[in-house]
Each structure stands twice: as C-alpha cells, then as structure tokens.
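Heads up, there are several structures right after this.
In what follows, chain A forms one complex with chain B and a second complex with chain C.
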Partner chain A sequence: MDEAFLSVDKLRVAYGPQPVLDELSLGVARGEFVALLGASGCGKTTLLRSIAGFIRPQAGQIRVQGRDVTAFAPDARGMAFVFQSYALWPHMTVAQNIGYALKLRRTPHAKIHQRVEEIAAMLGLAGLEQRKPAALSGGQRQRVALGRALAADPEILLLDEPLSNLDARIRLAVRHEISALQKRLGITAVHVTHYREEAMIMADRIVILDQGRIAQAGTPHELYNRPASAFVAAFMGAENAIALEGDHADGRLTLHSPHAPVPCVTEILAGACNGHYQARFRSDAARLVDAGERTDGGLRLRGLVSQVSYPGGLWRHAIQFGEHTVIVDAHEARIPGETVDLLVPRDRLFVFPSAADAPRGDTRH
Partner chain B sequence: MRGKSHPGFDRLGTNGISGSHADNESPKEPFALSLSKGGRFRHGAVFSRFDLIAGLWWLPRALMLGALAFAIFGPLCNLLLWAVAEKWYFPHALPLEYGFSFWGRVFSARGNAWEALGTSVMVAGLTVLASLALAIPAGYALARLKLPFRALILLAFLIPQAFPNLPVYVNVARLFYAIGLNGTVAGVVIVHVTHGLVYAVWIATAAFAAIDRELEEAARAAGASALRAFRDVSLPLAMPGLMASAIFVFLESLDEFTGSFFVGAPDVNTLPLLLYTAGAGGNYQIASISALLLLVPSIAFMLVLEKFLRADVLARIGQ
Partner chain C sequence: MPNSLSRHPRLAALALVTPALAMVALFFLLPLLASVVGAFETPEGPGLANFSKAFALYSRDMLFTLAIIGGATLLTGLGAVAIAGYLTLGECPLAVAALRWLYRWPLFIPFIVVGQIARSFLAKNGLMNNALIGAGLLDPLSATGMLDWRGLILAFAWKQIPFVALLVAGAMASLDRGGIEAARNLGASRPRILWEILLPQVAPSLLTALILSFVTMMSVLSVPLMVASQSPTLLTVDIAFRINAYRDYGLANALGMISLAISATVAWFYLRHSLREKR
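Then we have the complex of A and B:
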C-alpha cells in the first residue's frame, strides 16, 4: 500500500467500554483537504484530537510521512489546530497570538513582526494587530485563530468545526477563503464538520463517520451520486425513504410495493437477495405525474398530496403513501387531497437491503 | 508610663463603654438628615400623583444605609479619636485634649512599633510567598487532574480553620518547642500558612478551573511544552485570582493573633501582639495607634495589587 502523507492505522479510542473510534484507518495525501463529516457523537472530533495528540489512543498508530508519531506530545507533531471556540489567548494581542508559535522557535523579533504583518495582511486583519481578542468580531477572531495556526507554516492543519460559530452569511464566504488558502499554501488539511454543504464545498475528499467507523470515503461527487449505504444516502440529503419488497432473479432485482402500480426493475451488481429493501431519493429527484400518464423505467408510486408549500423556487409537496410521507419538489403546485403518481428515475433512486437483511448492498441504480 | 496612664484607667472602666454609646447618636443623625432631604427633594413632583406612603419609600433604605455606614465607620471614628486623644474620660462624649504625644511614645526607640511593623510585614510577605508556592501547583492539580477525592482534599484545607484556634495552637507551640521552631519567624510563618492555605488553594483552584482547557491545548499545538504553556497561558490568566488570594492571605497573616502569640511571643513580636499588650494594659491610645499602623501595610498591599482586582476578574473567581 502506498504510504499516505498522514495516515491513521487501526486507531482505537474508547471512553469506558464503548469505543469512540473502532479500528479506524484513514490516509490523507500531501496537500489534500479531507473533511470528516458526521452527526455529533460519531467520533469525528475524537479522531481529529487524536491526530493532534490531545487524546492518547488505546491502540493503533498515527504516522506522518511514515514516521510513527502516536506517542509524541502535541507540541512535537508540527501540526496546527484551529479550535471551534478559536481558543485565542485573551491576555495577548492579535500580534502576540499570531506570533506565539514563532516566538517559541526563538525566531528573531524583527522576523516575527514581519511574518505577523504578512499573515494579518493576508487575512484582512491589518490594523488590528494591537487589539485584544475581546475587541474583535466573531469573524475577525476566526481569522486570528486561522492566522495563528498558519504563522509557523505547518505541514498539517487540523480544523475542528472552525466555522460553526460564525453568522451564516460570513460562513459562506469563509468556506471558500479557507479552501483557497489551503490550496495556495499547499497545506494538508483535515476538517471536522457536521454540515454536508460545508464539507462538499471545501474538501477534496469527504470521510463520513458513523459510530466510530468510516461509513464511506470519496469525493463529494461520488458520495452524492453513489452513496454506499442508506446512512450515507440520508446524510447526503436523500431524506425520502420507502420500504419495498425485492425479488431477485437473473441478475435483476424487481421491487414491489402495495403503492406501486407497476413493479420497478433494477440491475443488481452483487449481494442481492430476496427480501426487504429500502429506497431513498432526494426531494428534487422525483417527478409528479398524473395517474393516467404513461412512463417507463424508474420507481412509480401512487399517493395522496397531503400538504403544499412554497419555500421558494419550487413547490414543496408532502405525498402520503399509507404511513409513509415523502417530500417532493415540483415546478407546478398540486391540490391537497389529489391523487398523484410520483416517478423517481432509476439513476436517482438509491436502493439498499434493509438493515436486517443481507450484507451491505453494493447496489447501484 | 504607669503614672501617666493612671487617669486613663478611670476612663477604661466605665467611660470606655458610655463613650462609645455617646458616639452612637452623633454620626447617625446628620447622615439620616441629609438623606431625607435628598429623598424629599427628588420626589417632590411625584407626590402629586402618588400617596404619602409611596413617597416615603426611601426611609427604610436610608435607615439601613445609615446603620451600615455606622457599623463600618463608627468603630473607625472611635479609633481615630483615641489615636489623637490626650485626655478622655467619662462622661465626656469627645476627648478633652488632643495631641500627638502618644505617637511619639509609640515610635520611640522603646516603643517597639517599628520593629513590630517590620516583623509583621516580613511574616505576612513570607506567608504569602509560601502559600502561593504551595497553592499554585495544588490549585492547578485540583482544577485539572481527575483526582478521586477532590472535594475531600479541598475540604481538608479547611481543617485548620474548623477547630478552635486556642487548643490547636497550644499543641502546635508544644510541638514546635520540641523541634526548636518556637519563637522563630519560620515557626510563625508555618502557622500562618496553614491558616491561610484554605483561601490560597480554594481561590487558586477556582482560578485555574475557570481557564478553558483549550487555551492550554492551543499553546501545546503551537509548539509549547506543558511547562511553557503553563507559564505563558495558564499562569497569566489565573493571576487575578492568585493576586486576590494573596491579598486574603496577607491580611489574614497581618492580623493573626492566637498563633503568633503561642508560637512567636515573646521573641517574634508582631503588631497584633503589641496591640494586645497595649490594649490589655488599658493603653487605648497606644492600641489605637498600633491598629492604625496595621492598616498601612494592608492598604499598601491592596493598592499594589489593585490593578489585578478588576470587578470582572473578581466575578470570575466563583466559577
């Protein structure tokens, strides 16, 4: 196996008997921006803090360029860390905060000053150098935290939800700034977040964590269009879920539902069997058609429009099938109470064996 | 000295008490009066709309404030009067003669005041240094480490305060006598440290606990060793709390009497011991002057540390 620049090998961290990270392995290439995405409690911050050296793992290794740093103290790892709370030192000025790492390396005073000016100019903090963090706005503090991390030219930058304390509008701008900066400086970055969109915009590769394991890792495009599990599909925005029965024959899977007027036939690559399946799709993936209209291919379901709203752009419909309710966005509004058919094209329908059945599906289409 | 203090002896028996009783009336009245004037003036316009009872809202508050002011300043006024009184006896509400002859006596070579003041300040200073030297590591450990009996350990520092002073110090004196610490500055400092450590450790623990752990981690990530992170981040941030504890310990040490008496006297003569000797001998002037002298280092020390004691910092101590 090719040794990655930063590699995590079978890392195990547990608080008490319950493992937070369960034999987790991950490689990050030099200059790559990896986002760790997951719900709170999935272990993403624990993984980041283990890489930084704040948490001592029970088992496993962390290597940088092939060198085992697992036993190293945080200050011996040459990584920079940006905290969610920013953790700026309140008794130091902006300049002192940014220049601290250089001061520790006994950099000459003039050189520190020059570097601080440089960083401040780069991050739009010029003129604020003599202020204390308490006299800065949230966005400015975030920049100081970033500047402090970047001042000593770290090879690895670890970001722990650094944008979650910012206003929504500033956050949108800072996302692009950070990833542009990371590309320009060629730093290897690991970013923890629980916002899908943030991860998709900033990262080269997204690693989705679920209960201390990697659920799926891949480019934003891969994860969005080819989720490997129902969990990943749901995390990637395919919130609508439908339970279906599947018959497996001749390399084809035929899906039935009491709400489906015609069965849906899909091609199966591996691991399929007869039993329960779950289909997932995004609200903008489905189309509403009249009950009489003829279509072919895809999953067609007949339901009742129970609610219509207009969040902007498209009309949002809540469609009911027995006890299931799905959300479908359409260009034209339907009338509540109307019976409609809903059509999900095969390439936008994600089908997975239900948790109780079979191995994890490698289903496509 | 005895001959001169003879008329003073008269004062002591009866006049001392009735004298303070007479004082009771005089400062209170003008105070209440001035407040009542202010209250009436401000609320003149309101009277037309509200009834008389609502217009008297200030009265209980003014009385409370007056009583509080008297409780704080009354004894101090009495002290000041005694310090400049040449002659004062029953039934006179105020001294009959004013002068500074007792000041001269206190500060004379035979008066021991300078020496006692020096000893007191030295003992208090050493007590502060020793307490902080113990409280900084102890407070940091109690704030940061997962100790099994944290609450119990914190409570243990209260033990020297929890028992009656007298029997404890009598026994301490016996023990110190055996190991040659009795009558030494070191012995007195040790006694004062055990007494002051509860403030120092509790406040230091609170001060360190109030510091976000991530601030230290940020320093570690920047490349600082654990010790360097402590020096550059934790210690400066805990400093206001530590300074507050230093003031407590200093003031505690400065007017500590029982321990100094049993362990220090007569070789280590602090100001409270001098004050006690003077007070017990009926020398109210000398006792008052010693007491005023005792205020000097207290106020000086507080002024020196005042810049650390901003209200926002003090408010954080309890967290």
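Then we have the complex of A and C:
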C-alpha cells in the first residue's frame, strides 16, 4: 500500500480465539472522510477503537504520516474520538467539557475561554456554556461531544456512530453539519456507522466490513453501482435476490430460470463458469411489463403479484416466483393475483456466482 | 356497602404491615426510647446531671473519639478511593484481578478478630517490628509499639476500607466507560481521571459509604478494648466501663446519647449535602 496519511496495515485483533479483525489493511488520505460501514459485530467499532489506541492489536501496524503509532497512548496519536454515548462528563458544564483538553495542556484560562467560545459559536452552542449536559437536548449533547473533540485540535477525528442516539429528523440535519464542518476544517475523519445512507451522504469513501475483513472499499457511487459481492450488493440496497443457472460460452454468460420466459445474456468477465448464480437488484431497478409486451435485453422473469401497498411515491409490489418473492416499485399499481413480467435492465442487475461456486470478491454485471 | 369495601383493603394492608411495625417499635424504638429516658434519670428525678458528669469525666475521650473515628474515616476514604480507582483504571489485568480477589477479605473478619490481628501485628514485639528488625530496617532498641491512637486508626481503616471500596468501585463500574476513555483520549493521566472525572461522579456513593463507616466505627467496642483501652480511649469503652464496673446506666445512657448526637450530626451534614445536590 502506498503511504496514506493514516494507514492500517495487516491489523489483527482477537477477543479470545475468535479474530475480530483479520489482517485488515486500509489507507486514509489527508482530509478524507471515510465511513466504516457494516452490520453489528463486523469489526467496524473494533477497528476504530484500535486506531484510537483503546485496543491493542495482536499484530499489524497503525501509522500516521508514516510514523508507527501502534504502541502509542491514545492521546499521543493526534486523534480525537467522538463516542456513540457522547461520554460527556455530567458533573462539568458545557464549557468545562469542551475546554478540558486545553486545561490538560495547561493553556491559560483566558485562552481556554476564548477557544471554548469560538467552538460553541461554531457548533451553535453559544449561550449554553454554563449548562450541564443533563440540561441539553440530544442534538446539543452530540455537538458538545464534537466540540470537546475538536478543541484538542486533532489531525484525525474518529466518530463512533455519533448520530445513532439522535431522533431521525435531527440526524438528517447533523449529518450535513458534520460533513460540512469536516470539509471546512480539513480534518481527516473516520466514521463508523451501520446506516448506508448516512455513510453515502457523509463520506468521500466507504469501507464495507464483513467478519473482520474489508468486503469492498470505494466511493459511494462505485459501491452503489458496482458492488463486488452479493454481500455488498445487499448492503447497498439490492435486497432482491434470484437464483439462476448460468451457461458460459463464447465469452458470454447466459442465465436461465424456470421463471424466465427468455434467457438473459450478459457479457462476462474473468472467472466465470457454468453453475449456480445469484442475481441481485433494487426494488426501483425493475420495471413491470405485461406478459405479451416485447422487450430487449435484461433479465425478464414471470411471476404473480401477491401484494400491493403504497409507501408513498411509487406502488410497492411483492412478486412471487415459486418460492422467491421480490419487491418491485412501479408507478402504476397492479392487481394482486395478476401475472406480470418484471424486467431488470442489464446495467442494474448484479450477478454473482452462488457462494459454493464463487471465487471470493468476483464481480460482473 | 361501597364505603366499607373501600376501607377493607386499607385494613388488610394495615394488618400486613403490623408485624413489621410491631417489631420495629418493640425491638428498636422502645429500647432507644428507654435509653433516652434513662439518660435523663437521676436519683433526684429527671435532670441533666448525667450529662454534666459525662462532660466532666469524659470530654477528653469525646474529642479523642471524634479525632480517631474522623481520622480513620479519612484514611478509609483515601484507601478505598485508591483501591476502587485502581480496580477501575488499572491496566494490568493480573494486578487488577489479584487486587479484586484480595481486597474484600477484611469484610468477612469480625471486629474482635481485627483487634486481635492489630494487636499481634502492631505491638512492640509484634509481627511488624519483628519483620522490620529481621530485615535489618529497624534497630531493636528503637522499636516501639503502635498500640495507641495509631493502632486504632489503622485497625478501623483496615476493616472499613473494603466496605467503602466495594461501594465506590461498584459506583465507578456503573459509570460510562466512554467518559474515562474520552479523558484518556484527550491526554488525562490516570490520577487526574480518578480525581477530576471519576470522583466527582461517585462522590454521593463515597459519602454514603463513609458515613455508614463512621457510624459503624462509633459503635465498635472490641477494637479499642483490644488495641488501646488505656486513657484516653473511645466512648464505647467508657460506656461499657460505666455499666460493668458501676452499673451506672444513667451516665452510660448519657454517653450513648452523645455518640448518637455525633453520628446524627454527620448524617445531617450528608443529608444537607445530598439535598443540595438534588436541587
């Protein structure tokens, strides 16, 4: 790996015999906002806490600007951590919480006061400096936690699900606030979350973790449109999954299903073979067409409308093919019991070899 | 009738609580009341004679009691905070586990045994001096026993530290670990985290534990009897002496009232403090 501003190199962390991070490597450029995205227990918080110095890894290195900080104390790494619980000190006022890092550095009182005022103003906390955390709203507490971290003037900001304790409505606003602030201050940030949308909106780059390994890393656009595995595709919202049989010949992969009136032909990349495949697509990627209608290309499947609902904007249809049910959003409602064809354009269909046949991380669409 | 029906559950509740109330009244309130009344009883009828005699004879012991118990409470607080602090902030898992296993032992040792242990450890020819002499750290001729005020404070603290440490460590364990990590992340040393982050948050638990300790130590007879029963001594020894040697229940009751007043003052300080905290 070329030397990034913050680099994690073959990091191994285990609780007992079970590895939580397995030789994980990651580079973060200066000023970049990276989101670590994954389900509970995938190791994202462990990775963040290892970077912060709260967890001592069994093997591997953490470097900041090429300097090995793996054995450094948490405060010697130039990083500030924002906790999921905010971890504000309840016996201190907002000003004392924010100014604590400066107090530890023996900054003169007047300077601490000035800096606290600046940060409070920047975060919209002006006038609340003398309040205790218990007298603040969730959003305000979150901003105090952020202010406390920023007062230390860190080069790297580590955010551990800082928005998960906020109301949905406030969360939307704070997302933008944090990423705007990060850009303005030019701080390098690593953000842990299990909300895809939060990661997509806030981050320059998303790292999807699965069982202690990186499943895929890339820009939100890359991950959304070119997922490297069925796992990533599902995480990126392609929840509809169909099992298909694939024939590989002449540089093409032809996919068959008993529910497909016509086989689907895709261009094929390296590593494909005959066997079982899984196709994934988002509910808004498919179009419902009448059984008689002619279409060109893509995956076409014939099924039965089993349920129709209206969540707003589009009509949501549950379409059944044998034991499979997929969800398809359409502008017009169909009638339950009706036979329809659904058509997924090739560029919105993600096809992966089924787990048993799959070389790991293979991608094509 | 609806009226009697609505009264009925209340009667049932009263019937349920009566045995407990009777217990409290019969075995706690009545003896206390008898002791209070007894403190004012003199051969000449009710009066303050017992109290003036108590102050005339034992005012030095009262001050000594306050100083010893106060000092022991202070030492207990320091020791307990040090132990609880290490249990919470210690970074060597083995040392933390060993300390966790060891520190509670004195909880299960009765005061009389504590007195005995203190006696055999702190006496002039006790275990501590023998060990120091054996190690060449102490000249045998200059060895002195510590069976005086020092022995009392040490024995009390030795017995009470685990109790206070148990409550304080529990309170510290229930705090958000994130608060400790946030302070570490910003560069606070462990003593500083203990002093500025942990202690202010567990202060109510520490105060409660110390006040309970204070009151417990006020009532211990065996330790002063074993360790330092010569004058000056603690009020409990004086009370026992008035009863055993003179059958002077009046003066003993008066002394009891005075120790009750000392304990009550401490409790009042605590209550005032905790009420202010709540406001």
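Basically, the second predicted complex is superposed on the first by the 360 of 365 C-alpha atoms of A that agree within 3 Å, B and C clash if a C-alpha of one lies under 4 Å from a C-alpha of the other, contacts with A are read in each partner's own complex, and residues count from 1 in each chain.
Throughout what follows, contacts are C-beta pairs under 8 Å (C-beta built on N, C-alpha and C of every residue); 3 or more make two chains touch, one makes a residue touch a chain.
Because the structure is a prediction, the values reported are computed rather than measured.
Asks: Should the pairing of chain B and chain C on chain A count as a clash or a fit in the superposition?
Replies: clash
Asks: Per the contact definition in the header, classify A:23: touching chain B only (first), chain C only (second), both, or neither.
Replies: neither
Asks: Quick one: is A:347 in contact with chain B, with chain C, with both, or with neither? Answer first, second, both or neither.
Replies: Touch partners of A:347: none, neither chain B nor chain C.
Asks: Just to be sure I read the superposition right, which of the two partners does A:148 touch: chain B = first, chain C = second, or both, or neither?
Replies: both
Asks: Where does A:167 make contact in the superposed view: on chain B (first), on chain C (second), on both, or on neither?
Replies: In the superposed model, A:167 contacts neither chain B nor chain C.
Asks: Answer with first, second, both or neither: which of chain B and chain C does A:290 touch in the superposed model?
Replies: It touches nothing on chain B or chain C.
Asks: Looking at A:81, would you say it contacts chain B, chain C, both, or neither? Reply first, second, both or neither.
Replies: both
Asks: For A:101, select first, second, both or neither according to whether it touches chain B, chain C, the two together, or no partner.
Replies: Touch partners of A:101: chain B and chain C.
Asks: Quick check on the output: what are the common chain A residues between the chain B footprint and the chain C footprint?
Replies: Shared contact residues on chain A: 52-54, 73-75, 79-81, 83, 85, 87-91, 100-101, 104-105, 148, 152.
Asks: Which of the residues in chain A come into contact with chain B in the complex?
Replies: 52-54, 73-75, 78-81, 83, 85, 87-91, 100-101, 104-105, 148-149, 152
Asks: Please give the residue numbers of chain C that touch chain A in the complex, ascending.
Replies: Interface residues on chain C, with respect to chain A: 176, 178-179, 181-188, 192, 197, 200-201.
Asks: Spell out the residues on chain A that touch chain C in their complex, using ranges where they run on.
Replies: 52-54, 73-75, 79-81, 83-91, 100-101, 104-105, 148, 152
Asks: Which chain B residues qualify as touching chain A in the complex?
Replies: 212, 214-215, 217-226, 228, 232-233, 236-237
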